[in-house]
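Can you keep this structure in mind? I'll have questions shortly.
Residue numbering begins at 1 within each chain, and the chains themselves are lettered A, B, C, D, E and F in the order written.
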Amino acid sequence: MKLLIINPNISESVTALIEKEARLAAAPGTEITMLTAPMGVAYIETRFEAMIAAYAVAELAAEHAHRHDAVILAAFGDPGLEGLREALDIPVLGMTESALMSACMLGKRFSIIAISRRITAWYRDMVERNGLDGRLASIRCLDEPLRDIGSVQDDHAARLQALCEAAVQEDGADVLIIAGAPLAGLARSIKHQLPVPAVDGVSSAVNHAQSLVSLAPAPARVGSFAKPPRKDFKNLPPGLTRLFGQLP
Amino acid sequence: MKLLIINPNISESVTALIEKEARLAAAPGTEITMLTAPMGVAYIETRFEAMIAAYAVAELAAEHAHRHDAVILAAFGDPGLEGLREALDIPVLGMTESALMSACMLGKRFSIIAISRRITAWYRDMVERNGLDGRLASIRCLDEPLRDIGSVQDDHAARLQALCEAAVQEDGADVLIIAGAPLAGLARSIKHQLPVPAVDGVSSAVNHAQSLVSLAPAPARVGSFAKPPRKDFKNLPPGLTRLFGQLP
Amino acid sequence: MKLLIINPNISESVTALIEKEARLAAAPGTEITMLTAPMGVAYIETRFEAMIAAYAVAELAAEHAHRHDAVILAAFGDPGLEGLREALDIPVLGMTESALMSACMLGKRFSIIAISRRITAWYRDMVERNGLDGRLASIRCLDEPLRDIGSVQDDHAARLQALCEAAVQEDGADVLIIAGAPLAGLARSIKHQLPVPAVDGVSSAVNHAQSLVSLAPAPARVGSFAKPPRKDFKNLPPGLTRLFGQLP
Amino acid sequence: MKLLIINPNISESVTALIEKEARLAAAPGTEITMLTAPMGVAYIETRFEAMIAAYAVAELAAEHAHRHDAVILAAFGDPGLEGLREALDIPVLGMTESALMSACMLGKRFSIIAISRRITAWYRDMVERNGLDGRLASIRCLDEPLRDIGSVQDDHAARLQALCEAAVQEDGADVLIIAGAPLAGLARSIKHQLPVPAVDGVSSAVNHAQSLVSLAPAPARVGSFAKPPRKDFKNLPPGLTRLFGQLP
Amino acid sequence: MKLLIINPNISESVTALIEKEARLAAAPGTEITMLTAPMGVAYIETRFEAMIAAYAVAELAAEHAHRHDAVILAAFGDPGLEGLREALDIPVLGMTESALMSACMLGKRFSIIAISRRITAWYRDMVERNGLDGRLASIRCLDEPLRDIGSVQDDHAARLQALCEAAVQEDGADVLIIAGAPLAGLARSIKHQLPVPAVDGVSSAVNHAQSLVSLAPAPARVGSFAKPPRKDFKNLPPGLTRLFGQLP
Amino acid sequence: MKLLIINPNISESVTALIEKEARLAAAPGTEITMLTAPMGVAYIETRFEAMIAAYAVAELAAEHAHRHDAVILAAFGDPGLEGLREALDIPVLGMTESALMSACMLGKRFSIIAISRRITAWYRDMVERNGLDGRLASIRCLDEPLRDIGSVQDDHAARLQALCEAAVQEDGADVLIIAGAPLAGLARSIKHQLPVPAVDGVSSAVNHAQSLVSLAPAPARVGSFAKPPRKDFKNLPPGLTRLFGQLP
């Protein structure tokens, strides 16, 4: 099984974090290809940045998906997830959705732990788009400038754990979602210090990708996730040009 | 990895259907133990029957879970799911929840195909309890007496496929959930005749069980899914007596 | 009019509390039969315990309901309520639902006062199942170990009243629901010390039972609250065996 | 116990229908005073008419409530209910709210049967204001001009019963609410012809009024249902002038 | 373009505040007529007072609307808005609805700043009736007796600004709605001291009225906002008598 | 006042339709600049196409917004709306949101009339993202291949009007939203043939843009619609490069 994992941010250090956790999570026969967005921002915190990232991701996926069994969008917030799910005929997964699905199977209400205050509105949007706002206990976040996006876990370890505790004790979370690619792997390393199960987006996405590939559902031929109908287009980059050109 | 799969109905023929699909879905190293409820009804269609089945399931799980890595409740409607998730420290999965999670990762709105009209209210309850009623396109059902619960798939093949078509064309379903243990495996056998992806509860539950065992979250020590606090009890059957007696 | 009141807990001291409040609430011609669950736990705080209690209640109701005009399940959380409402052809009431209905007729938003932190998640589930989470101002709870389930009201009087005050002043409750059979009667004894109307589950259930018996609606012959369809069953205790055997 | 029942419409023939059903529903010791709005319209179908009726009701209640134990607003749509609940210190009940509460205790989802198409939007508003739209199966209505508001039940008997059947068979209603004062008593007379329990607003309100008087909750002293704070006012009719003049 | 602005309160000082802000907001060609309710209370804080104000507003609108292009109900809470929208064939706007629409076009989640604690429940009701409770971040309020309703802005300037800051910093508001006619114009005067956009009900209503008049939609001839059907009526004041007499 | 109107599709014929309606709707002093996306598809029907359009729109807005007072995204579905609202300090409006706001001020429940079945899922998404799904009566659509996107109104006039009628008569719509840039102006031309008010996205957006410019709210300095925080970026086109380079 071949998984294509795309980091929608331009940060190679975050790609490395994602790759490490993905390889720990993958089953023996699973091969992983990592890609980093060639254009965009260091890390996505806003709807505006996510909008640009979605385009970068779309071109990467259009170019590379055909050699893989599933695609994982490895930024919390899932930029481009629903659009790509229409355009590709293999499973497409996102970190937010995957973490939410894992959390729902471990408890009733979940809290999300985030790396900045600004990012929380976008995360809340994503929970609502998944229709799961009724199960959101809280979103708690770091509230200081980040020195280095690649070392957030180490720089803020104690504070992150305190946020987890507060989400459980004060907000009533049954499950914790440690959100954002820069925190990939943290749930694994601190799980025994936490009072409730903790979920990680990368390892959840890898496992759910393996499940969807194994379940092998037939692709949608009609409805809102069938391929877009063929129509005129122009001035798209090579991957998207080929993808639009192959529409039925 | 050892999965315990409990059929909350007393029908051995349904247990056989479940087992067949579970073995097709399981990864190479996954071992499966099948159990059939020793008390209860032939198949669960109502809240009342589900209530009795939950008790039968609780005793079976209390007796046998400790030798397994995860428990699957193999009736659509998930009788006893949330209760057992509190009481056991391994993952507990249900067919409805598992199918809903698979469906959410394949599209936005889903329809459920059911074996009788009576059963649909209970299914609707379950979608609401998962907080996903905003994504339910419809529930469509067979509406004739069932000759034999073990042969529903064969007896009603054409009608079931027509229900699937209608759910997509008239109700706007992006994904179909073929619901109920008596229909286990049907999604696999007719998926290429259907216009959108079809999800099966048994194979979804087996895959998600494998994922949760692989993710290995620490069990809840506090909150609403921690083990029930120790207190006086009496007159419980052997499995439950041992389980209550071991509470912290 | 004959009411059957079932305490789903095994605690006779709680049954006595319930009975006292029920007799104060009942109209002159109303006769009351009290039953205590012969199996289960001292008091229900969790979904798991409620699941077992529902089974015990089902057997008691199956054995005794036919000599009564209505059945009241006297534990907050209403274990088995919807199931029994299908199976019996007399009104079945629960303490949570009854208290919620009273509260809705006295104000817009209500708070629930509970005896332990653990129990609050289950109560929240029940408000959601009634579809009334939009009117829930808060759930506030005692947060200390209970010395004796039969004397909670006396042991924690001041703290319970402080919780009531906080629910009104900080959470905006228009009405207070003093929840849980161990608090039966407290709303009556402290109502003049509280800033807003207080509702008690036992007296609400007795009054609503009297109303439903008086209104005398015909039982459901079709739909999701009609009696379950007849089917094979086995190994059920005497009351349930008779009940299943009499299905149409 | 003395109940004040106010018909917010100017139609004496409807007052007579309400009174007949109210007296059938009332307990032996319950005395009933009937009042008909002295200003307004023949029957309320719109938000605009309800707005005017609310004012007429407010003046009647302000003049007469002090000699009674509870007030019932006997028009479906409950014109003025929440406002009067603030201003009076005895229970105030409405036909819609009362019928909804009865219906919730008899099943999960309910349908409303109405006397005209125009009136259905207002009824839908009322279900939403009670926070119960998640339990509304459908609203079905007569769709012909009404010859005489006092004889709707007789003139349209067959059509009304057909609407009830359709709500159960096609919309999945567990309970039927036969709505509107002109249909008062119909649920009682046709209940044995209907497939599910039927609820009537007048008899529900009388029973729930008896319950609330019996429960005797203390009135709200703070919060959004406490009496309005004293302030300047002018040009109000006698009842309202006295009521505002007595505010604390 | 001629706008009729009705102050549903009897306070001329508040009418003056409304008029000042309305004239600042109006486009060059817009003429404004101000009316003050001849009966009712000094300022509306409760559902009960709003119910009486709605009647006063209905009579004023019935008498004067025909000489104007749109009507604005200038009290937060929009007393009588939906009713008048049925009865008149020109646009009818309210301060709450107008402010909510402006806020929705400036951000995702909004907070409301109110002049008293008592008034907040009514405001929450209005947000719910607009179906926008999912976007309400919070309602914050002054919590002291008001010396003079006409000088609230000056008397409580610092406290009002602190409430705005708290709504943004603690509740996550993207937009602030400074609510209530007594605060008309405050958003304009302090907008540069606030961290997010601030919305005023009066200027929003004037602008949206101008938009609706410009868009010139045809009035509803059927459906729930068509004119009420003609029927018997009696004892209404002159404006309403004429209006009911002219119904089709 | 200078409005920048961006057609996110590459179809100049649709730009011409939009411009015609926009000029009819604009107030005397309003100047309009029209831009057409230089890359993308002929018309947007899917989430995938909207994702690409959002990027094209972002670059155009980044290049041209600074010379204007407000930006209008002139495709139903509002591709890029929330992102651009963060990045620009002038009002940004979309056709869907603008039409929804107009509709909410004209009635309670609205239906949307769309040009293809495929597009309806995306429209439903947009209603949900605005939090207004509780007020959506229905989405009805043409269901035939479109000969020419620039002449849909003429080619399908009778069918479009029939859809409007059905939405009112069968679905209970109080207001109709005639959706999609290819239908710009249709609401204006057929409004007197329709039973309820009809809303057009282009003219609504022009009017609401004029209102927001007139209201002149201060831009967000904090919260989720403040400008994105400055961070590393690379390989963006000229407009976006300048915009990111100017972040504070």
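Assume a contact is a pair of C-beta atoms (placed from the backbone, for glycine too) under 8 Å apart; a residue touches a chain by one contact, two chains touch by 3 or more.
Not measured: the values here are computed from a predicted model.
Note on connectivity: the fewest steps through touching chains from chain A to chain F is 1. In this entry, B-C is the pair from D-F, C-D or B-C that repeats the interface of A-F, since more than half of their contact pairs coincide by residue number. Chain B and chain C touch with mostly matching residues; of the residue numbers seen at this interface, over half occur in both copies. Relative to chain E, the chain whose mean Cα position lies farthest away is B. If you average the CA atoms of chain B and of chain E, the two centres end up 52 Å from each other. Centre to centre, using the average C-alpha position, chain B and chain F are separated by 43 Å. Each chain gets one centre point, the mean of its Cα atoms, and the points for chain A and chain B are 27 Å apart.
Shared contact sites, meaning residues of chain B that touch two or more other chains, fall at 82, 108-109, 120-121, 125, 128, 134, 172, 174, 223-224, 226. Touching chain F in their complex are the following residues of chain A: 10-11, 38-43, 45-52, 54-55, 58, 80, 82-84, 86-87, 118, 120-122, 125, 128-129, 223-224, 226, 228-229, 231-236, 240, 244. The part of chain D that touches chain F in the complex is made up of residues 120-121, 125, 128, 133. For chain F in complex with chain D, the touching residues are 108-109, 134, 172, 174. Taken together, the chain E residues at the contact with chain F in this complex read 25, 27, 82, 85, 91, 93, 97-98, 101-102, 104-109, 130-132, 134-135, 168-169, 172-175, 187, 191-192, 194-200, 203-204, 207-208, 210-212, 214-215, 217-226.
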